[in-house]
């Protein structure tokens, strides 16, 4: 591998986290298991490599083996010393400001989560309410609650690996949202997570909105593969995938899903699973599946899969709009008004969806070991939201096997996951996953895709 | 012609011009020759039609014959009533904020220019210094001088009618400029005047610059054909084309020229003509001609034309860079540093290039009548900067004949302009103009182009 | 006279007036009659001497004969060079920022007024409407119109030479106004013009108002004797006393009068004279006369004088409140609400009282020559508002004879003004003026007062 | 007791603490020992009663027995419901904004301290470093560290019960500090803690500083007796008196001591005790004792007491300046420069004095029971800084016996504290305390003072 282009520099802090105690510095410098240095270095590297193509965390770490990050205490507060950092994060040897901000968000969140989890001990056998409070506290500490704002956060989901037309379309939708003063929240990363932000940015420019919010929610396992674009001006690192998903649905006020692969599919199943919960029947949450001209077949396939597995009620939770950005934005706009009225009437917070019931099933981390994957019950006889939960886990496992460090290592060691269940259902799933492969939605194009799963009974 | 989509609305002012005296209101409402209503209505319509394709001022006025604009005085200041305005300027019936700001800039500038010119009478037989002071005062009144800022205004010139690749390239260059914290100044309008702003906007986003400047300089004759994009957040309307050109070179700190047609050619000749003036020999002003891969031939042609007509010295005033946005930005960045050092040393203002000598030839309005066009001396025996001035006038006339209301009417009445001069030179010009026709640089593609000129002796 | 303590320094501009053209610089440097240098120097010296006791313009100029002020043009805009300026305006050799701002307000206003008056020529035989427009334009140019604000500007009038108890009382009233979010406008200077600002400042502090307005309206003739306290954060220099008075009543939304001498009396007569105009009958304008315990006798005297000369109707224009700051503020607060409702209903501007009718009598400068003073008609047979106008002129003349440069010179040359009129009326006036002398309201205590007037027929 | 004037109202939050989780709301509402409601109510009442005279916490609670405070959750965040709150905190039924801010600071700090202390358990047997970190975290959570600012926080100590002349003098000193752009930090409350802030506020006004810092550091035991003036715009509630003292010396960059009683004396002894520590020998910290003309005798007495008990070295830690506010400010200004140079050289933070060594003796809470007071060793044979620590405790106990709820109850039950020690030293102390009684420095004048101590061996 050829030597990468690197820069070393000392950077000043931005944002609120600029004063650390000597204790905190020690924990961040600590290279042992008890310390946070390894995690910090890895997340920092992800943030610094945002301008590069690629979705392999492993590759990233192997390319920048000499990279390190240190904390420097000074009379004006702390600074960070970057050693052999990816040159693409710099312009004329100066770190791009957006990258710098995101770097300090990483610092803030991993310190805060670590203080919460070690000091309270209350997350070991956490109740559903404990987990929701943790999500709340992490978001609050990141200043993600702006109480003056009316509900206007639109979550955009979709693939990081999408075609040029799809990408342009996400920009157009973002532009129409931005013109209507909506803010964007995505999972960071390229593709459908970047396009809407770029579009909305131009929409905001025309509306002279200089404090638009471009929120990126990520977690340590995914950040390396989907590193935050520096347009993201509020980066929050949740402790794991389940808390990140909970953050999306409690912070966001409406959700748009663009074409994507198994990760997007996981998100759709997660949201439908929650909305199907009887207690959530009356809670308004607009969910739109949309893509450019030509994506009709894709959405039909998804829609059919959901209809066949979770039924008619599940299909009613979303609407599909093809090639009409202004319509998407207008319907979302009306959806936000509904949310506003509902929250005001219920006295619920605008900034956090306390009322949404999220079952334990969707909160507890699912560890995608081969055993856990093989044991997943996949039968239509299960209660619908239970089946949705398990299907979500299937997709979560496949994402891990595709791009997460631990998952990739497991696959390398034990071969593909074995998935089994009701034959009819397994066949549906096989079709869906196969189509993702064919459409290059599993990995960024260019790299060959070796499936990390095997359908046993399809 | 089918009825256009229109909206009527009352809009609040933004920016500094929000309080008018009863006298000023009267002048703006005055429909007679002495009044400003006709001019105000026409410029306002241009601003309101920015989201539409098209470069024909005449068509615009004919499409929106029912459009009108009125002033409403209220306890909180003035408001504007828009009647039958183009619907594309609105989102959900509310005027896009950027359009609104630009509307009030129009109001500010035509009022101010009118007060200067009527009250002082000093512009009738204005001296060179009078004209420079007028440009200064219009810019100052528009708050265009930000004394705290270091020289960072990059003027981008280029065609309003350019190809997709060229357009994407202007965005990439803008992005690199924006990453380096430079601000953009163009002539408003689509194409090469919009792309760099969009790119720089994203660059600024990554650098968290929320007060980036996107300056549009225009004049009543051109505004209808090249209506200001709402990304323009500082719109200034100069009284005529010559004062607009002077504003460009005194306000800007460096100049990038993208491919374009006769308008762009006029700008190049104007700038070279000035830089060739002996008194300007030591004044630093970086001028870069740049385009995407594939534009080599185009620039070669321009370069040859300049070499053949104005000579080697003229060619040394600019450099040509093909397909390298980062290099363009880096060289411009160094150019700005040179300007900074020079101004500091000379004690000259950062915000206004007082020291640049601009000859009367370049300041006095050239009226492109058939007689004036026919009488232009076009011989290589002329002093270089005099020849540059005359070539500039040729291009200016062709732009008028192509897209300005008065020019188009003249051509319709009297047929194409007749141009004559030294045969060799005329041949060079014929080649150049012919290539603009073939490359669709005369008018937006789609419309058939009927030349408004005729070369007599080529 | 001992050498005064002086400092020389170069100061950067603050506020909006920071860019001058070379022409403007020349006018300001011009020492001849046509130029503005003499006026600028004199006003600047007044602003710089604000921290000193004393109300003699002449003394000030004689003390600082070596003082001068020059304009320095630089790459970042202009600077001012102060030569031998009063040391009290500096802290550790740096000019107090509030003084600096006021210095640039002086620059802004004298330049602007000069451009208006010379270029337009329209003030030579100005109509009433011309004068009102001039006042409007000077205030607008000084950014004194904040259209977002509801009516909240309380004008405070009163003596510059008042007792300790009276001064403390003005602070208490200011405090109560400030707590209720009102802004203060006075004539600059010490005493009753400074106290309310100090009090309101603390009131604002408790309400966390950091953009409170402390407006000082002055004119070249008075500024030296009543130099603006640096708490004044909006200083406007009107061309003469009559335009300054008009500015007070068109900009302010309510008026509080503290004890004072002939200047205060002039202001009371001016306001009553205007409010008595039949066309102003329905225009709301709360006017409160107030002072500390012990001021009952003083107000009784004023009230009697007005009752005896202008009658019952005049007395109904104001109310007298003794020793109750909270009541003053509460009543004023209600008065502002009335103004708000009235303006909204009439569609009149919140920021400028266009509807108030001001008669020519009150607008045209009164030159207090001995002849003009002697010729004033002072008879109860005059129409009330005419008599008010003439009584106002008497007081204006006495102020000039007391503290204005020109007036003082006239008195020195020709002896005291001779005033004559209806004996009963003259007697009333004599009593009033005599009481001012006895209460040290003519000049600051310490200095002996030699009357500048003589009542002939009392 | 007559019914007090009360108002009930719902107030919106200001500042950063505006979003609470349901758990936090429960703790704040909890009336049991485990909950925070009692503490919150008591501190809130203190903040709300700031405009009233009086220094008796007990009286306050007895006057407003009907007062209560509740938390209301809403769609825009939380609100506070105030029931029967002191009317003096309101203007026209609306809570003064400064009071409102301070109310939410109370909420923020008691919640935060409670979360730190319960969750970490690390303060039960806290080490010196633990305590310093706690102080750091409370201040950081209150946003008290502004890393961009150069050292400019001047701590002002002095009596809450001082004479009119002394009070006016503290304002003059504050004014001179404010003119020099210094910020003020005091212990809240009236007298010498309010005067410097008022003066500095006017100084800042003249320098156009709108973000001046007026920091009040208090603790639950003292807040009721010395309730924060609403000019305080950064209120921090430390857990106890020792942590409050540590916050003063680590946050402040220089210290001015005005005349005062035993509380002030405690502060002087605390600071001298720390500065006498050998490790602090080189740490710059300017300490000025100052008062108006007439205070010479008072300072002589203090100086003699210190000289006689702690020796010459202790006397060298401070300087005494009588009646010269400008000199105080100038010397302090130079002191701050020294601090700046020192911190920069050492790489120590500008915003927190990490390097200052504070001995356990000065950090651990001293509980002023009769037994603890009687057991204090008061002999000159002790090491100086140990003797200083014990003398500090004597003063601390007397303050408690004078005005703190618990202390007052103890005295009521067991009679005055008995103090004994080396006769010569006890005599010195008796003299000093006796002079405080005679000068009305023990309690606000008007109330009779019954000593809460008895010197046994003097």
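Per-chain residue numbering starts at 1, and chain names A, B, C and D are given in the order in which the chains are listed.
By our rule, a residue touches a chain if its C-beta (ideal position, glycine included) is under 8 Å from a C-beta of that chain, and two chains touch if they have at least 3 such contacts.
By chain, with names taken from UniProt: A, B, C, D = AMP nucleosidase.
On a predicted model such as this, the values are computed, not experimentally measured, just so you know.
Enquirer: Just tell me the minimum hop count from chain B (AMP nucleosidase) to chain D (AMP nucleosidase), counting one hop per pair of touching chains.
Expert: 2
Enquirer: Calculate how many whole Å lie between the centre of chain A (AMP nucleosidase) and the centre of chain D (AMP nucleosidase), each centre taken as the average of the chain's C-alpha atoms.
Expert: 47
Enquirer: Please work out the Cα centroid separation of chain C (AMP nucleosidase) and chain D (AMP nucleosidase), and write it as a whole number of Å.
Expert: Each chain's C-alpha centroid was found; their separation is 44 Å.
Enquirer: Which positions in chain C (AMP nucleosidase) are in touch with at least two other chains?
Expert: Within chain C (AMP nucleosidase), no residue touches at least two other chains.
Enquirer: Going by the touch rule stated at the top, which chains touch which?
Expert: Chain-chain contacts present: A-B, A-D, B-C, C-D.
Enquirer: Which stretch or stretches of chain A (AMP nucleosidase) touch chain D (AMP nucleosidase) in the complex?
Expert: Spelled out, the residues of chain A (AMP nucleosidase) in touch with chain D (AMP nucleosidase) are 13, 18-19, 21-23, 73-77, 119-120, 133, 136-137, 140, 145, 147-148, 343-344, 346-352, 354.
Enquirer: Once bound in the complex, which stretches of chain B (AMP nucleosidase) touch chain A (AMP nucleosidase)?
Expert: Of all residues in chain B (AMP nucleosidase), those touching chain A (AMP nucleosidase) are 14, 91-92, 96-99, 101, 179-180, 198, 201-202, 205-211, 230-231, 233, 330, 333.
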